[in-house]
Each structure stands twice: as C-alpha cells, then as structure tokens.
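You will see chain A twice below: alongside chain B first, and alongside chain C after that.
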Partner chain A sequence: MSKSVQAVSQIGQLDGKSRITSLVSMLPKLLMPLVGILLFLAVWNGVSKSIDTSLGQFPGPAQVWQQSIVLVNEHNAQRDKAAAFYERQEVRNAQRVAQDESYVPKIREFTGAPTFFDQIWTSLYTVMVGFFIASIIAVPAGILCGLSKSAYAAMNPLIQIFKPVSPLAWLPLVTMVVSALYVSNDPVFSKSFITSAVTVSLCCLWPTLVNTAVGVSNIDADLVNVSKVLRLTPLKHVQKIVLPASIPMIFTGLRLSLGIGWMVLIAAEMLAQNPGLGKFVWDEFQNGSSESLARIMVAVITIGIIGFMLDRLMLAVQRFASWDKNAVLR
Partner chain B sequence: MQNKHLELSQVGIDFPTPKGPFTALTDVNLKIRKGEFISLIGHSGCGKSTVLNIVAGLHQATNGGVILDGSEVKEPGPERAVVFQNHSLLPWLSVYKNVELAVKQTQKGKSKKEIRDWILHNLELVHMTHALDKLPSEISGGMKQRVGIARALAMEPKVLLMDEPFGALDALTRAHLQDSLMDIHAELGNTVIMITHDVDEAVLLSDRIVMMTNGPSATIGEVLEVNLPRPRDRLALADNPEYNHYRHEVLTFLYEKQKKVEPVSNYKKTKQRNAAKNSDAA
Partner chain C sequence: MLSIIANKKRRNPAGSLFLVAALFSVSLLSSVTAVSAQELGWPEKEELKFGFIKLTDMAPLAVAYEKGYFEDEGLYVTLEAQANWKVLLDRVIDGQLDGAHMLAGQPLGATIGYGTQSHIVTAFSMDLNGNGITVSNDVWAEMKKAIPHEDGKPVHPIKADYLKPVVDNYKEAGKPFKMGMVFPVSTHNYELRYWLAAGGVHPGYYAPHKGDTSGQIDAQALLSVTPPPQMPATLEAGTINGYCVGEPWNQQAVFKDIGVPVITDYEIWKNNPEKVFGVSSQWAEENPNTHIRVVKAMIRAAMWLDANNNANRPEAVKMLAKSSYVGADEEVIANSMTGTFEYEKGDKRDIPDFNVFFRHNATYPYYSDAIWYLTQMRRWGQISEPKSDNWYLDTAKNVYRPDIYTKAAQALIKDGLAKASDFPDFASETGFKPPQTEFIDNVTFDGTKPNGYLEQFSIGLKGDTVL
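This part shows the complex of A and B:
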C-alpha cells in the first residue's frame, strides 16, 4: 500500500517524457496485485460452481458480495429499530412525567440481536483486552529473562511447553475457572467475554515474551558497560538502556502476538459463545440456510482484512515508538 | 615515585575454558602518577584491553589488584570513565542527551542550570556544541568519538581510560582528535591510560609507553619514558631525532623482540627447506 504511494510521489518528481516511461515501468507493480485478486476470483467462481454441499452450491464471489450487502442492510434496519424503540420510550416517559411530576423516567435498553458490525466490534474489543493482558505480562517477563540467565533457564521449559498449546485445549479449563472465580450478581463483563479474552492472552503471551528476551539479551555489550561505568540503578538501566535498545524486537513480538491472538479469538468465540465474529460463524453454520455459506465467507474475508489492518496498525505504532527512523520495517 | 595515584600490583587474570583456566595476564605491575599520560601498546591479543577493563572494574583480576588513591578497585564507576573504541553512544539519544545522562548520574544535587552549563562546557572542550540535537547516526565517526570523550570527561574522572579511541577513524580525523586530546590533557591534567596500535600516536601523546609481551600469560615487557617537552607539535617532531629514537625503540620492541607473525617470505623459505629435506630423505 505504502509502496504504491511512494511510487506515485516519485513519479510526481519527474518531468514529461520520463514521467510517462516511469509510469509504464511502474505499471506491473501497481497492476500485479490487481491481477492476482482477479485471477483468484475467477478460479473461485469456476470451482465453486462444481461444489455441491448439503446447504446448496458453494457460494461464488457474486453470492458473497450479495450477502455482504444484505448484512449491511440488516445492520441498518436493526439500527432504525433501535432508534424507534428509544424514541417510543422517550415519548412515553414524557407523557408520564406530564401526568405525574414525581415520576422518575426509566430507559430500558434495546435488546435486539447484535448485527454483523456489532459482532466485529465485540471481537475487536475482546482481542484488544486479551492482547493487552498478555503484553503487560510478557514484556516485563521477557525483560527479566533477557537480563538474567538464571531467570531464562527457569522459564524456558515452561515457555517451550506452553507455547504450542492450542486455544481449544485451554478453553474448557478457562471456562471452568472463570465460572468458579468470577461470581458476581451484577457482572460488568459477561463470562463468555472474559473466557475468550483470557484464552487469547494465554496464546499470545509467547511470541512477545520470547522476542523481548532475545532482544534484551542481545544488547550491545558496550552499551551495558556504559551503564555499569555510570553505575545506573537496575531500574534506570532498564529504563534508559534496555527498553529503548530492545524496542524493535519487542514490537516484532507484539505484532506476532496480535496476529496469533486474532486467529485464536475466532476459535475461542465459537466455543465460549462470545457474541463476536466467531459466534457469527458458528451460528450461521448451525442455522444452515441456503445463504449460510455465503455469509460465513463474508466473515472469513472480514476476519482476513481486519487481521491485516491490525498488523498495519502495529507497524504504525512501531514506527512511532522506535528511535531508529531509518530502519526498514515490513 | 612521588605521589602514588594509581597502582597495579601483581595483576593477573585467568579465563575459564573447557580445557581448564587460560592465563591471559600475569604479574602486571605499574605505578602511575597523577596527571600522567600512559599508552599501552602491543600486538593484538596481548591483553591490553584486559588490563584496561581490570582498571575500569569491568573485569575482575584473578591475582593481585588495582588501587586508586588508596582504595581498591572492585567495580566499575564514573571516577574511572571509559572511552570505548566504538564510541558506544546511545543511538536513541541526541548528542546533548547522551552527555546529560552521564552528568545527571554523576553530578547529583546540582541545579538545572549548573547541569546544562557543565554539559555545554564539556561539549565545548571537544568542539561539538554545533550538533547538540543531532542523533549519533547523523554525525561522522570522528564526531561520535568526540562526544564519547566529552561524555567521559563530564563524569570528572580521576582516570580516563581509552580503548583504542581513534582506531576506527581515518588518518586525518585521527590526527585532529589527537591534537584535541593533547589540548584537553594539558588543560585538565587528568590521568589517562590509552590503548593504541599506533606507534606515532603513542610517542606523540604519552609520558610513558608501556609495551606488552605477547599472550598467553602476557605481561609488561618494557616501559619507555618519553621526555619530549610539551606542548608537542607533530610537524616539528617529524624531524626531531629524539622523537625518532623513541619511535625506533617501540618499533624494535614490537617487531624484533616481540615478533608476532613471521613474514610470508620466511614461511616460504622454511617450506622450501622442508620440501628439500623430504626429497633428500626419499
């Protein structure tokens, strides 16, 4: 994306003839992604026609496009309903206050089913909470492992054993623990939300932890010696030397973690019934109408695009946070 | 020796290896006066850096020890500031901030203005006040080394330790920085221990040149007093017979007494001789 912008701005600096020739030479770069996508759509269209499932023909690009519009319309209709619901309440409350001045107006919340866009929002919120919990544990733990060989030796077996565990294996345990520990008459968060977020945390701890540890242990020995000569306290050493020096590796870890977290989230939401994209896919699958597969495909593409955008977002944050503005980040 | 300032006595160090301890240094004895400029010279791998690191406190001597003004050196500290070969400025801090880190750490209890003045004063000494807000990646290698020296000086060290400070620089920049260093030394009178590979640099800058034997078990081979009057001028000294005598002394030590590598021609000769022997035997 940014490359094509760069290319265009480069073209802007050239004049007349050379501008045209360079535009021609740039064409493949600008065109190839488009060619790739079109080719994919064509193959998808061709193959989908020959796959018949019990829910009807596998959806091609046209059906998926159609369903994405249906989902947008459903969302708008639901929003209108909600607006009308609140309006009715207000009118009713105004009338009752007019009749009896001591009446305290109550507003009931709209309880219609969440739309596709509500579910996207829930998923984003859940993954961010899970990712945040993981990061505030993994970065300090990684720094500790990077600074102290014995801490690393103690943590390493645990890291190696828990790193490859699937979220689906954690989920039943997390569900039971959350049910047992999170007891409240007036819960701020739903249990399904906490279960999903914690499962995401458990799975996206590891890349950040490992990368932070590697980054910290590879700090230039001279910089560490500078810190020793200056007799920096351990806290200042971390703050002034360790953190800035390992920022690039920490962010590499954070980006990997967020990617994994997003992937894990969908599975967690399916099983925990957190009203996000995972539940959307599950419900459509259970629903089993002739549109279900097309609607799931919309979710698949949405999940992919959001995952890509999350990665770009982290990249932007990394560019902002890193001192080395010349480093090539990809 | 009047005014004992820094004393290395019977310093030796062993490094553990899988095949048992490796003795890098033995019996290094040296007494240094206040304000003296000492060069350590020797072939690579002779333990010059190890000596410097022991004085800095970055390495612990296995035998013997180092005493500075009556107290033993056990850990690194700002009174023994180090100028590293690769400047080792923090790449994320500007020139000013790099020096500031050292000043804030060593000059506690000073007012903001005093701290700022002291930072600027030290950058003034190395002629770097024009680049206060530049990052290390934005200035040349020579400039980085200047800032590294300013940072070390800002700690007000009793002893300034320099590990081949100009080794990575081109000849012109190096000469320039050597002149700066002589000016600073004349003005501040710090005690300096400098590691160098460069014979001219050693003779030009030093009061004494400490020449080290080759490792393993390296130690001090000879110590040469350089009695050239200061200030010294590299152009005037170029034809000075005394200067050339000192150079010759050091070169003789390095390339005759402590010959490290046999010239390629010798190696060829031995090979031919061996080949001839073998053919005779056959």
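This part shows the complex of A and C:
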C-alpha cells in the first residue's frame, strides 16, 4: 500500500519537474519563429533599400505596412460610396415609379470597383468551389482505382499525363469551352467565375485522386479479411472498412489539392483577368505607380497567410476526421 | 407616357384611379430630366458594363461615372479595365461588354472584316490627340546629334528624317530596328507609320489576302503589338527600340528614365481624332434610348473636362490616378492632362491642346475622320484591293452615327445642360471637315476624295496597286 503511494508521489514530482523542463524546451519553440520573422524583416529592410526599380525603390516592411493601411481606408471609403449609391438609387426609383407606374423598381448592386478585400473574398469563394468540385470527383475515382487493379491500370496513364499540366495551359481551353457551353440570359454565376473555378478543379483533382488510390490499396489485409468473414456487401465494405481506413491518406491528398488550387487560382486570375487577388496583382503591375510594388507586396503576404490558414483548416478537419489520433500530422 | 397608356388598356376600370394618381404625381415631380426622359423614352437596359484600357483618354467614362452623369440618365454603369484591345473588342462583340472605349480604327476594321468581323458602330468620339512617340535612350542619343538646337533645346517637331540614319545603322549592323504600337488598326499604328514614312523610313505593308498580317513586308522599321501599359517595361527590356502609345505611358518613360518622347501626334496631325465609344450594331438597334442616354452622359463628361480652360483637369487627374482607373502616379498623369508635355527630362513644353475632349467639336463623329482611317488601312495594305470613293463614304456612314449624337446633343440643349453653340450646326452639318492641311508632311486631306489623297504619298499603296 505504502509502496504504491510512494510511487504515485514520485510520479507527481516527476510531473512537476517535467512540466518545468517542457516549458524550458517550449521556449525556443515559441521564440524561434519570432526570431525568424524579425530576421527576415531586417534582411528585407536592408536589401530593399539597395534595389532601385524603374517604379522607385523596392518597398520595405514600412512601406508595405503603410499600403496595407491605405488599402483598408480605400475599402472603407468604397463602402461609404456604396451606401450613398443605394440611397440615390432608392430616390431615383421612387421618382421613376411616380412618373411611370408600370416600372418595377429594382435595387441594383453597387457598380463601383471591387476593393482589395472584395477581391480576397472572391478568390476564397472561387477556390472553395473549385476545390469542392474536384473533391467530389477525385475521392470516388480514387477509391475505385484503389479497389480495382484494372480500373487503376486504365486510369493511370491519364493521371500521369494530366497531373503535371500547368493551369495556364488549361486556361485558354477552359475559357473557350465555358463561353461556348455556358450560355444563359440571366446567369447565376459569371463566366469568369466558372472559368476560374473549373481551372482550379482541373489542377487539384490529381493529388486527392492519387493519394486516395494509394490509401485504399494499402488497407491492412486483416481489415479486408474481416470484411470478407462478415460478408459485407461492396457498398458496406467501402463505407465501414475502406473509407475509415484510408481517411488519413485522403486528407493528405485534399490538403495538397487545396494548396495547389490556391496557387493555381492566383495564376489563373492574373492571366484571365478574372476578378480576385490575381487580378489585383496584375492591375497594380499595369498601373506602374510608385506605390504599386508595395501594394503587390501586401497582396503577396495576404496570399501567403490565406494559403497557410487554408492548410491549417484542412489539418484541423483531418485531425477531427481521422481515427488514428496518435498519427503525427504536420 | 406611352407605357402608362399601354397599361391602361390592360387594366380594369378601378385601375384608372391609379392612372389619375400617377399623372398627378408626374406633374408634381416633373423635373428637368424627367421631361426629357419621357421625350427620349426610358432606357431599355439600365445595368451596363463598359470596358476601357488604362489610358488617360478614358477620362469621359470615369467622369460620367464619378460625377453621376450616367445615373442622371437612369443608367447603372460598371467600368472595367480590359487586358488589351483585342480582348476588349472580342468582349463587345460577344456581348460581355455593352460598349467600350475603342481605338477609332477598331469599329471600322471590325466592320470591314479586318481581324474579327463584326458590325460595330460609334456615335461618340472620345477625344483628339493625346499620343506620343518615344524612343529608347540609346536611339535618342544617336538622333540628338543631328537635330538642330535652339537655346540648348532641340527644335520641335522632330521629323523621322533624324531617325533614318539610326535605322540605317541598325540595318548595316544586321540588327532589326523594332518599334511597338498598340494594335494593328490603332491610331498609334497609323500615326507611327505616317511619321516614319514622312521621314523616308518604310514601316512595311500588310497583305491579308496572302495571310500576312505581320505588317512587315518591305519594312525598314519592324512594328509589332504591345499593350499600352506594358510599353515602358518592354522598352526597358530592350525588346523594342521605341513605341507609339497614348498617355500616361510616354510620360512614364520620362519619369522612369528609360526613354525620350520625340514627338506628339498633335505635331504629326493637328487635332487628329483619337478614341471613340463603340458598341455592336445589334446592341445599338436593341437599345436605341439607352444609346442616346449614354452619349448624353458622355457629352456632359467631355464638356466638364474642357470647361473653363481645363479648370477641372486637376480634379480629373485625381480621379484617373485611382488604381481602378488608370492608376499611374498623379504627377505622371498631370504632366500631359494639364496642357503640358515633357519631352527629355526637364524639357517641359506647353501643348494646351495635347488632350482635347470637347472643344473643336471633338466629340462629334465626323465621316471624314472615319475616311482618314480607311485611307490609312488602304495605304498600308490592310485593305488589299482598290476601293472606290463611294465605298469609303458608305463604310464611314455604316459605322459613324452622327444621327444618334445629334439626338443626344439636342436633348441636352432642351434640358438646358448645353447650348446650341457648343455643337456643330446640325441642320447644315455634312459630316465632313473642310480639307485639313496641318500634317507634318504638309499633305492636304480632303475626306471627299480618299483615292486622290492617297496619290500624294510616295510610300504607300494607292490606285490599283495590289501586293
């Protein structure tokens, strides 16, 4: 009895010690990223001073910070203009109805130019739609490839050929096909949105597809045997055995896909002049004002941060969905 | 009014009470614009999207939007920058854009089928002048040696005669001499060709009937297309040795220290027509009232831009410097928009008419302007077959629509927003400017005799010549 009490208290002491040591060992973990960022800022600041472009000096952290504030102010100013626009519109509608009662008044959306934050929203929305379309195609196709050797053999050449294709090669084809097929007098989505989303889908199909196929084909033989013993129907087999077992690999694929999709989208928006962050970057480049480079830098950092956040988001979903809570995910 | 009466027929007797109420409120609320609204008819389409290229001469569109002139006409317009002239034209043709800021040659070229074939019309000329020709610092250093100086500054206008030895040197060294312009049917292409040919440098022919649309047959200077905003960067990269483009991209070269503007188009042809507002003819047929209202709003914008001796220009510059419009630095845009032009760094001269938006009847779509562009298309082989004088006139009438302009102007006069003296005398206007003489090579242009005009040039196709 006393022995066990001693043992418990020892464990308690050990626990206290290890807590301190773990705190100490945590310190560099917390500190080092900060050091890294500060070092980067210092180097950036130093180097930028010595780069003279035809648009003036390369922007340092201070100018970029300043431009990010300008962008916020521009966004707010535009919101005020939008409010005034809606007010004027209501007055005008009322006047028109008074003169011409057959007129059905309608509130039209603000016609001003989209701000930086509007563009962020457009890009996020587009990438999510493209990613979603890709996923609902890639996961079933991947499962099929993983389950059946012959299906895999049939699809493999296509996967290998299309996987390395750059989005920019797809873009002209997608643009033409979308404008030919997507004909509607009152379209719900704009053509440019569909083009961007489809291009994103085409490029983020592959990682999900390949990883799902690998995950499914590598299921533990014991699990497959269990399924055989229980005589599960093919559908139940997929539902109860295949899906849970390959979730980690599927999510690895999805994370890769979303990352690729985000990169592809920015490039597609730049080239096709479709609304979004890519267009913002291109427009600023075309403007060639002395603030353009700093504004582009704000966009670059924003794109990076959003890409990072999307990845963390997928990681969180993966942790939640995965049965193997001990697996190291990074 | 018409719609109210039409509605009455469908309504039950109780509805007539409504009608009385409506008429009563009309009489109460009728303002100046409301009266004209009924005479003109309501717009068929209220939500419009117009395209533009990032150039200062898109100003009438920006002003009509920012000053609420479009909204005064009951139009909700979205303005959208386009990547290049081809994209812009294609989007007007396929209906993604309702109309656009276009090169004067674009509606003509599209209608006669040079490039994409589609019937495009214009009822509004957006501005006069506004372009310049810039050469790289190296080329300028060579040219400058031969140019006479006065008070330490080169004497303007500088003819291409001074460029010819440089081009010859390039040829001897076996290097191509390349220049950029913005589009095959652009004003810039024709102005650059005009200037080069006037100085004895052959700019090359097109031969579309043989499938050659490079425009470099027999050329001493090789011209190619670069979108306006990319001109300075392309010059800096050394891909081209010079270019012809609209503002602010010549002044940008001065500010960035990568090139020197040698001449403005004002000096090549005084008060030459520049951009137009183009719409597809199908759109124009389907939306006649909307079209007139758009032109109305744009005439008001042009008047505002030129009012009181360019007094509003500084405000316009602020507007254009916004990143959603032209987006270049204010000082760069101001350099040319406020009546000056900077050639070499520090050599800033007054050219009050460098950008004309309204005075000199700048907005009226003259047939003779259209015919000048058609003669240049013939001169450089874009029109490969000989054409009769009548063909030139018919084509001009098919594309240029002063009738629509006239309705818009008369509505403005009735609204009290403009005076009759602001416009040409519509009763007697023939659409032909009197023969114009102010070209750099002193050749006279008479719009009624296009073939006779072409006979006067030593370089260029004319008469029955077919390549």
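Basically, the second predicted complex is superposed on the first by the 286 of 330 C-alpha atoms of A that agree within 3 Å, B and C clash if a C-alpha of one lies under 4 Å from a C-alpha of the other, contacts with A are read in each partner's own complex, and residues count from 1 in each chain.
Keep this in mind: contacts are C-beta pairs under 8 Å (C-beta built on N, C-alpha and C of every residue); 3 or more make two chains touch, one makes a residue touch a chain.
Small disclaimer: the values here were computed from a predicted structure and weren't measured.
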item: First, second, both or neither for A:L232, with chain B first and chain C second; value: first
item: First, second, both or neither for A:K240, with chain B first and chain C second; value: first
item: Which superposed partner A:N287 touches (first chain B, second chain C, both, neither); value: second
item: Contacts of A:L223 with chain B and chain C, given as first, second, both or neither; value: first
item: Which superposed partner A:I161 touches (first chain B, second chain C, both, neither); value: neither
item: Which superposed partner A:T111 touches (first chain B, second chain C, both, neither); value: second
item: Which of chain B and chain C A:A180 touches, first, second, both or neither; value: neither
item: Chain B versus chain C as contact partner of A:R92, first or second or both or neither; value: second
item: Touched chain A residues, chain B compared with chain C; value: C
item: Chain C partner contacts - residues on chain A that touch it in the complex; value: 54-55, 88-89, 92, 95-96, 98-103, 108, 111-113, 179, 191, 273, 283-284, 286-290, 292, 295
item: Complex interface listing, chain B residues touching chain A; value: 56-58, 75-78, 80-82, 84, 86, 88, 90-92, 101-102, 105-106, 135, 137, 155
item: Residue ranges of chain C touching chain A (in the complex, touch as defined); value: 3-4, 6-7, 18, 22, 25-26, 28-31, 34, 37-38, 42, 46-47, 54, 65, 68, 71, 74, 76-79, 81-83, 87, 94, 96, 229-230, 232-233, 236, 252, 256-258, 321-324, 326-329, 332
item: Residue ranges of chain A touching chain B (in the complex, touch as defined); value: 220, 222-223, 225-226, 228-232, 236, 240-241, 244-245, 323-324, 326
